[in-house]
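Shared chain: subunit A. Partners: subunit B in the first complex, subunit C in the second.
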Partner chain A sequence: MLVVPLFGLIIALYAWPVINILWLGVSDPELGIQNYKLLFTKSSLVKILWTTIRVCLITTLFSVVIGYLIAYAMVHLVGRERNWMLTLVLISFWVSVLVRAFSWLTLLGRNGLVNAALVGSGLVEEPISMIRNEFGVLIGMVHYMVPYAVLPLFANMQGIDHRVMDASRSLGAGPLLTFLRIYLPLTKPGVIAASLLVFIISLGFYVTPALLGGGRVLMVAEYVSVQILITVQWGVAAMLATLLLSGVLALLYIMSRFMNIGEVFGARG
Partner chain B sequence: MQDKMFYKDLAFTGAKDFKSGKLGRREFLYLCALAGVASSSVIAGDAEAAANEIVLWNWGGDAVKCHTSAFGAAFTKESGLPVKYDTSGPLQGKIKEMVNSGNVTADVADADAFDAISLGKSGHLEKIDYSVVDKKKVLEGFAWDYGVSIIFYGYAFMYDTKKFKNNPPSTWADFFNTKKYPGKRSLYKWANGSLEGALMADGVSKDKVYPMDLDRAINKIKSIKSDTIFWGSGSEAQQMIVNGEVSMGMVWLNRAKAVEADTNGRYRLNMNEAIAMPGAYLVPKGNPAGRANVMKFIASCQVAERQIEILRCHGMTPSNPEAFGMIPDDLKRFAVTSKENLSRVLLNDPIWWAKNGGNAVNKFLEAIG
Partner chain C sequence: MTKKKSIGWNFIRGFAWAGLAFLVLPTLIAVPVSLTPKRYLSMPTGDVSLRHYINLFSSTEWMSSIGQSTIIAGFSALIATVLGTLCAIGLWRISSRASEVIRGILLLPLIIPPIISAMAFYRIWVKLGLIDSYLGMIIAHAILAAPMVLITVSASLANFDLRLEQASCNLGASIGTTLRRVVLPSIKPGIWAGAIFAFILSWDEIVVALFIAKFRIMTLPRRMWDGIRENTDPTVAASAVVLVLVTISALTIYTIMTNHIRIHESSEREENS
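Let's look at the complex of A and B:
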């Protein structure tokens, strides 16, 4: 009985706005499914969705691989060194997304530090275009997402009993085989949690693609914002938002068929 | 976003209760802390419009300083009404949302003419009262039922004088000719100005630009797509040029002077075929200060001297013909409506944009994405 007010609060503050968005998607500008039909008639929408998914998948891949290496190193360090590393990861975790995007602009720009060094040392003749394109967006996003990959992986790796690896070695497996057959499978929940987390957060990226993409990498979040603020096609925006939301939910559902989602995100099932 | 507004609202309600003695001081300070706002600003009613003040909704940055020195201070002196600012940027979607929500907190918005036309049609705006606001103090054709042009802004391109020393580009055709003028370009991301420039580059004469042939414009844009980067904000446009990322870059006109200064004159503004955009002052329906007060405010912004001050301070060009002759010599080059420029710029057609803008922006985004 005590949870009833809390439940009411969640309905009022969370479910109601979501229902509103769902409703807007089928009622603006008029009642019907015309906004959803656009998905089949407007190839540009599919292209935007595909760009989003592609960028997010690549971001996830690189973030998780880099995050895995960092987490692995952190688990095998002790005391002060581990704390230092954790501090560095957390500091970059806390730096605002805007500041990071602008730092990359300064570093990788045409007359930026990196290009100046490359041209100055004679390695390249013309400055390389590293920003204002998809490559720039990926750099910015991977950089942002690495800490999100490190933290669940680190938590997962810390829980692994290292005597299992010792046992494997004592039974004659080499370091590589031990890693591939024993360690990697043991970190699978961590890898899945990190991948899910990174992918889902990446889907909503807005600032990084807008600044580092030079306008040529259009992802769903930015498109939604344009439809709300500039072109005032709220129905299309609501439809895309609904699509994103159901995509994320579907992803979680599929994962839940294979494993305990609660366990992946650290809750005890 | 939503909870921020909720807390802000809570704090404002709290401020009223605190002033009327219904709420204790400690509880009020607690509310303010919760909302993350300074208690002093809430007590002063910062951005909270009431019948005894005018809230001007603008785009922040220098706008607050310049709107105060040009319009606000003088109006307060005349009328006794303080002028306050909401700096969140009156995009069309935000104005619509504000009026729909029934919680109208701004009296007048420094928005675009096409917003005035399309939001006027959809019933989100108050009519301009032309018995108070003077139609004669607006360039002919730029006073509409639901909005009136106080200033012009606009789009033009700047070019690298070092790179194109002997043969400086002067038309959009030059801008789109990457063979003759090599190097990167930058254009505005939300289509405005970029489409007009593309059509002129493709050989459409200035008086034939509207109604725009969208497909033709977009094909032209696509022809230089691989050499072009796109900006969404004035500071981004400025940065692309100052950092030397482009050899020709489109800018908002009011930024041009600063860019020339920042690059020590290396980049120079080309005003030929610039696209002049009428800004519009418009009034959200049910504005808190009432229609009579806000019309007086808008009329007070038509005074020629005040419009010259907004040009000096903020780089926005006057719309009052009386002011055209008063533009100081050093600013003439940057002003849309100065004698030397008025005949060679393209005046944007807000009626076309109000009708086709959404479609144009989306088509443009899809083409460059």
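Let's look at the complex of A and C:
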């Protein structure tokens, strides 16, 4: 059978190890739910979860709004301008997360270009700290996530019959009313899919918070890596991984009711 | 599609371009920084210099990282492409309820957050003695990339008429010959797309590399990670430019190879919707 080699490989060296990790959440250092109890006793853990959710929600909001505008413009344009837009979205989609983080560090750092411009123009006297805080993390994450919002929205908007809008206009509704009452509701599935996709990917984000947050904006993924590589507390790390994975799978399930998930991932390119 | 020329529309169009500028321009900052003649991270003022590129390409450490990343990305893309393609064909031929469940399981590496994949690989690689080895990196990246190949090849197969395969078999060709002479040629674009995406995925993968590469294996992203944390040496900017150029070249190859097919497919999709 042609399926066997990959299926075997993924079961043996991927799915099984992942299950083992989840199992560690209730078996390390000893059998029981002591790791989960920490969620109620250790306030730093709750703070990390809350930071993660807050950062992801804000990221989702901004990414989807920016993504919506770009997708809307792309759908309504034709020819070269649209192709250029699509090319730029795809390029930014594929640029390494490390290179992005490096660029933002260089731009937003204390001696970075943005601060130099602000101080030089006399707008501020002292450089503003824009990295090693939540602002930097948010900029970096929104920057990474916008293309993920654009692609499902674009796919959704392409499927909309524009004669409906013409009908609305000819019946006397203004452009704003037509948008709010007709277009926006029609793009709801796209908005929901894009929001869920962005939120899901943001939840597990590691590189951007670690580099742009400079250790001060601790999110789940970074905390997990510290637990494993530095303090070697597999139990706590595994417990958080289980929470993360359950969140992701639950949201994916909701998303699968709005959109063909394979299509969304297939859109990568 | 109706053309609008209202103020509101131009406003949206302006915003969209501003959004795209936000996406693309900041990434370009690495280019001028890499050309600075100074020894620390800075924008060049007046003079530009290639010293950091010379430094990058003459440093044994950076060159070994580039070499290692190329080897790992090449082999993992090869393995992912072969296994992913075979698997896609297999699932396509048995398409049933069970195959959908299998497909779901096979897509897990794309869905599970990278940090969890990294934990899983780290723990089992320690047991298997694969930590910090070429083989360990190649297998891990192949597992992460194979689902991508599965998706692109499955998409190609969806447009392929199953009856062509049956016709070939009825005319006496063996299954092997049918696959090689009938099926594979018509799903080539999907295979190429999968192979190129798999290469890029491995080429700039960092999270798993942080966990399972330590000393002997130091991929390019892994070395850049350390460089970014120190945040002083402009050689990192030069390496960032090289990293992105390789990614963009791979995408360009992909675009050239599949361009006419994509145009064809998208026009078909518009007709259907």
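The rule we apply is simple: the second predicted complex is superposed on the first by the 236 of 269 C-alpha atoms of A that agree within 3 Å, B and C clash if a C-alpha of one lies under 4 Å from a C-alpha of the other, contacts with A are read in each partner's own complex, and residues count from 1 in each chain.
The definition used in the following text is that a contact is a pair of C-beta atoms (placed from the backbone, for glycine too) under 8 Å apart; a residue touches a chain by one contact, two chains touch by 3 or more.
All figures in this text were calculated on a predicted structure; none of them were measured in a lab.
**Student:** Would you mind checking which one, subunit B or subunit C, touches more residues on subunit A?
**Tutor:** Comparing touch counts on subunit A for subunit B and subunit C gives C.
**Student:** Touch test for A:105: subunit B only (first), subunit C only (second), both, or neither?
**Tutor:** After superposition on chain A, A:105 lies in contact with both partners, subunit B and subunit C.
**Student:** Please work out whether A:90 is in contact with subunit B alone, subunit C alone, both, or neither, and reply first, second, both or neither.
**Tutor:** second
**Student:** One more residue to check, A:5. First (subunit B), second (subunit C), both or neither?
**Tutor:** After superposing on A, A:5 lies in contact with subunit C but is clear of subunit B.
**Student:** Taking the superposition on A as described, I'd like to know which of subunit B and subunit C A:51 touches: first, second, both or neither.
**Tutor:** first
**Student:** Going by the contact rule set out at the top, does A:228 touch subunit B (first), subunit C (second), both, or neither?
**Tutor:** both
**Student:** Could you tell me if A:211 is touching subunit B, subunit C, both of them or neither one (first, second, both, neither)?
**Tutor:** A:211: touches subunit B and subunit C.
**Student:** Between subunit B (first) and subunit C (second), which, if any, makes contact with A:248: first, second, both or neither?
**Tutor:** second
**Student:** Do subunit B and subunit C land on any of the same subunit A residues, and which?
**Tutor:** Of subunit A, residues 17, 105, 109, 111, 211, 228-229, 234 contact subunit B in one complex and subunit C in the other.
**Student:** Quick one: in the complex, what on subunit C touches subunit A?
**Tutor:** By the definition above, subunit C touches subunit A via 1-2, 4, 6, 8-9, 12-13, 15-17, 19-20, 22-24, 26-30, 33, 41-43, 83-84, 86-87, 89-91, 93-94, 99, 102-103, 105-124, 139, 142-143, 146-148, 150-152, 154-155, 193, 197, 200, 204, 206-207, 210-211, 221, 224-225, 228-229, 231, 236-237, 240, 243-244, 247-248, 251, 254, 269-270, 273.
**Student:** Could you list, by residue number, the parts of subunit A that touch subunit C in their complex?
**Tutor:** Touch list, subunit A to subunit C: 1-7, 9-11, 13-18, 20-21, 66-67, 69-70, 72-74, 76-78, 85, 88-92, 94-107, 109, 111, 113, 143, 146-147, 158-159, 162, 165-166, 175-176, 203-204, 206-207, 211, 221, 224-225, 228-229, 234, 237-238, 241, 244-245, 248-249, 252, 261-262, 265-266, 268-269.
**Student:** Can you name the residues of subunit B that touch subunit A in the complex?
**Tutor:** The contact residues of subunit B facing subunit A are 2, 91-94, 96, 118, 189-190, 225, 229-232, 236, 239, 243-245, 357-359, 361-362, 365-366, 368-369.
**Student:** In the complex, go through subunit A and note every residue touching subunit B.
**Tutor:** 17, 44, 47-48, 51, 105, 109-112, 132, 210-211, 214-218, 223, 226-234
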